[in-house]
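Okay, got some structures for you below.
Next come two complexes, and both contain chain A; in the first it sits with chain B, in the second with chain C.
And now, the complex of A and B:
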């Protein structure tokens, strides 16, 4: 471009040239738009409509290409490929699996893996979005719907703590597919396979009706009135300190504050959110948030990952770290069990021993931290369950101090949470009063909590399970109260960096289920201790009094006070090495565990 | 570009509508004239199939325009069915199929002598650009492995140059001189580019295939010969030509010789000499590139006819004045 240069885009010559290019592109492209899943949202179709001719002059045979097997998520019709190599670049540069390549030359050129190989990446679904034609399409969505029949609802994902921005495409009462929305601060334009393909779990194992376990151990569907009456009766028979409430991984802030208020009115403060551990304190926000913020991880030059496997815990954050490592050759040190990384890293050790060496600057990696301009230390939320949690956090605080990781212009002290509810739960103060309350509980209220260890619950305890899936906890439940899933309700969530976002209902609620907070509100009335809110607005003004940041939607509220304000601890570090927090990336909560596609993925892709 | 929107279904509809309403550019008569020349044997078929398709569609509303289009489509189909299959230049598909002699589980590594050569090749490139050595290393591996590259050899090269295997597969599938299926000990490559073709390369290939009793890219039963096609090897002035890649003695005795100005009779002689273990002379006369004894290198048959004296100095410049 030169100054004063004029570019003409609508002259007959330019139009003819474009038509010529389109004709070449369509020369070997099959005319199967009517049976192609990309039809209606196809870049080539759009371009052809806008710039192409209405007929081609090519009368020879069109070429055909053998389809490739890329696994259970991506369907290939390679004859439709126009060799743009976007998928090759994505696989190499973003996903970090160098499996795809451009093979052959000339008219025999094709995308492939040469040796048959499924794409073992947690981001593989994104090649469906970036493919401009119908060569790579979604296997579970194949021949299910046309894109113009679908209603799009802009909402957020809750299967991990990232809060990826998504669009749920639904037709009538059914979620048909999930696509990413652009948000440069959180998920950029990608989402993980778990986010994209968990939706079939929303149709399976759903709880439709309130149910009561009768004498022979079976569940009997009852009316809401009867179910509430049973629960209300039990609530008043137990002592307040014997009441325990646990919020699940997918709980929204509104229902969590309702649960806490309800239990508080019953006289109990034993309420927490699973995976936060039963001995957490929520005094300093900076001790449980990703203080650097996801987008600013790109400015870090040294990463220290402690007890976290970002690739399975938060695939989008792992993609961010990989981007940084690729762009700036940032160093990555990792302490924890042997795991898969898709970028260069140094495995420093497996447990607290290495942490002590680092804190005392005896480890070779200490010099890297000392020389770093912007060191980012990331702790896994899996450490919350450890008895020596405070000592670990104290040791990490020491490292952060000498590495100068917490400054006015840079906060490199991060905790990577595991589930969508964790941050909001801690902001709302869902912290249990006593550590071992569940062992002596007589009344346990599980609000979608499926990963609590229920073996510790006494056999005579009365367990209420409120949730949307018949998952692990219903086996122990005495009463089941059906609730709505994230795709069916308006709820507030806070992601791991402290950014508040809201889900919007995309599909109607299944069966006779209700929103979580409404169930608790109704139950409180039947129990005679009516909660003072009747609408979402009213419950949000209650939230305002506890955690006003949860009302600032789509804003990231950084922590005000540094983690160094924490009192000094005398606890000793144990010798047990760190454990993996997520065993199976594809199945982490009740929705993904009910999903058939996720089951196929775990069977095929996690096979060693 | 149009944004992806709910409105885009129209694009499908209008496309088919447009075709429906438009006039067909090629009349039946035009097409028939075009068909006649190359495939005259096709024509007797067409009235039958035409009447069949007419019968099939006569239930609905028919118009002359629609009939013409149907006829044109049918003729096109017939024409395509009788087309020559496209010629394959590569010795294998663009994807790998496991076989007992070619699968990723077979061990493969460079021989001890070649390991030194690998080191030597790698020394030509900066240590952080090892991948630049991919072509010479693949060539060496091919020489060592009897003229072709199994998957395990490509994997071995990928390991040496520290890249993902698919980056090596990309290179190996791009260049037709890398054979990814078995070839004979003597791989005969016939040049198929225009000058050679005009001078009779098709006949030379036919003579070789007939003499050896194989198809293109097929290995003879004794494993000695295979015939492939190679594009322009730069001997157009001595067309037609063949190349003999000799893999019978591994990478040490590997040769890649040009035989230029060949005739169908001559190439059969070359094959027979190779079969007897002789080395057919690359040149009839020392220092000459052609097999034609009456030519000197690229000169005309029977000696030069022009440029018989030293060229005159340029007439317009006075060199002494410079």
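And now, the complex of A and C:
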């Protein structure tokens, strides 16, 4: 195209040329739109309606292509494929797996895995979205609904700490599917398979009635009034320091502040969020946030990953690192156990020993860090559980200092959190007073906490489980209070980079369950220590006094002070090497553990 | 007429009065009084050839001589009071409606095609026979099991 050129787009010649292109595209495309899952959201349908001819001249036989087995998530009807190769490009360029490719030439051309194998990417579900026709569709969603029957709700994913923007498509009281929403700062236009396919877990193993454990050890469904009466009676029989509260990894900020206020009014401050470790210092926001921000990871030229496996902990952040590595040949150094990467990296070591070498500049990778313009150091939140975590953080601080990673224009000191509730919990100050409070607890309030180790809880302790799934902790509970899941409530979540986002209810609450904060508010009234808020607005104005950044929705609030303000640590580093924080990418919380699709994925794709 | 009376007397002599009366009732002769349709079928049956009896007990007759072509096959339903055409099973339907000369008892090529996986037993049409016979979908107010399903599966306490 040249300057001054005139392009005519509405002449009969242009119209005829478009019709010709459409005719070629439709030549081998089957006319099975009425039974195709893409029907109604098909690019080819739209194109042929807009530009196609009103009649076909094709009388020959259409070609047919054998379907490929791409695993439990992606259904293939390869006869519908128009060879646009978007899926091949996505798999190679974004997902970083060389699984898909083009085979054959001419009319024998087809998309496939070169040898019979399933697609082994944690982002494989995205090929469903980018396929313009119905060749790649969602297997769990196959023949379940039509897209025009669905109600879309724009909300937030909570299965990891990224806070991917999603749209929950529901029909009546059922979540039918989950699709990504565009947010260039967080998830771009992709979501992980866990986010996309965990939704069937929302329909299984749900707690729908308050229950109490009666004398013979069985659970009996009771009314809310009776359940509260039982809890309120016990609450006043125990000493304040024997009261412990644990928030789960899917908790929203509103319910966490309610839990903290409730326990504080009872006289206890032993409240924390699981996976944050028993005693985490929440004084400086920069010590637990991804200070670089997810989008700015693209500006980094050297990555140092310490005790984190981003591919399983936060697949979207891993995709961002991969994008950077591909675009700028950024170096990646990794300290931790053997794991899978889908980009070039150097495995520097497995434990704190390598960290000491790096801090003392004895390691070859130190020179890479020294020469780096924008080094990004990413610490895994799995390190929070270690006894020597202060020493690790201090050593990392030393590395960040000599690498000049913390400057006014660049902050390369990052912590990659594991779950959706962690950042908000630390912002709200859910930090336990004493380290071993759970071992002497007489009253334990679990708000959706399923990954907390309950073996240390004394056998005579009274355990209240409030949550939406009968998962793990529920078996230890004395009272079960059913709560709503993230798809059923309005809640505030903060992702690992400090960006506040809100979920919106897509479907009604199941059974007799209630929102988390409402349960705690009602319980406080029955216990005689009424909390001073009874609406979401009121509870948010309470949050404003603690962490005002949680009210600035869709805004990233960076940390004000650098982590170097922390006092010098004299703790010794232990010799234990780092461990993997997430064993199974597909099953990390109560929703994904209840999901059948996730169970299939872990059985098939994680097979060693 | 005389032969009918004669054969009736012979039957009484052979079976005894009580057996004869029971047979009279079972075979629907008593229903002939209020139901002229059935009476006409019974009169038709005289001299006709019994071609076969299906699994429900319906009797299929054929009479070629003296009958108008196209009226020479008929059925006497096993059910004497509430009979209707949907009680004829598919294997006899073809013969009865002059579609084929294969009777339902023969292994006709059509019968060999009966699908094993999804083919189900023939059932008559129960429309108008009362609510308890009619199919109601699982959300229907008249379905007795209408409340035994949920959109979600609740957690069941095991202990």
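In this text, the second predicted complex is superposed on the first by the 608 of 608 C-alpha atoms of A that agree within 3 Å, B and C clash if a C-alpha of one lies under 4 Å from a C-alpha of the other, contacts with A are read in each partner's own complex, and residues count from 1 in each chain.
In this text, a residue touches a chain if its C-beta (ideal position, glycine included) is under 8 Å from a C-beta of that chain, and two chains touch if they have at least 3 such contacts.
These numbers were taken from a predicted model, which means no experiment stands behind them.
By the touch criterion defined above, A:218 lies against chain C but remains apart from chain B after alignment on the C-alpha atoms of chain A. Contact with chain C, but none with chain B, is seen for A:208 once the two complexes are overlaid on the shared chain.
In the superposition on chain A, A:153 contacts neither chain B nor chain C. Of the two partner chains, chain B is the only one touched by A:55; chain C is not.
Of the two partners chain B and chain C, more chain A residues are in touch with B.
Contacts of A:440 after superposition: neither chain B nor chain C is touched. Of the two partner chains placed by superposition, only chain B is touched by A:46; chain C is not. The interface of chain A with chain B does not overlap its interface with chain C at any residue.
Partner chain C is touched in their complex by these residues of chain A: 172-174, 202-209, 211, 217-219, 469-470, 474-475, 510-511.
For chain C in complex with chain A, the touching residues are 151-157, 159.
Listed in rising order, the residues of chain A touching chain B in the complex are 33-34, 39-43, 45-50, 54-55, 59-61, 66, 68, 98-105, 108, 110, 112-116, 146-148. Every residue of chain B that touches chain A in the complex is listed here, in rising order: 1-2, 4, 6-9, 11-12, 14-16, 18-19, 22, 25, 76, 79-80, 83, 90, 93-96, 104, 151, 163-167, 169-170, 173-176.
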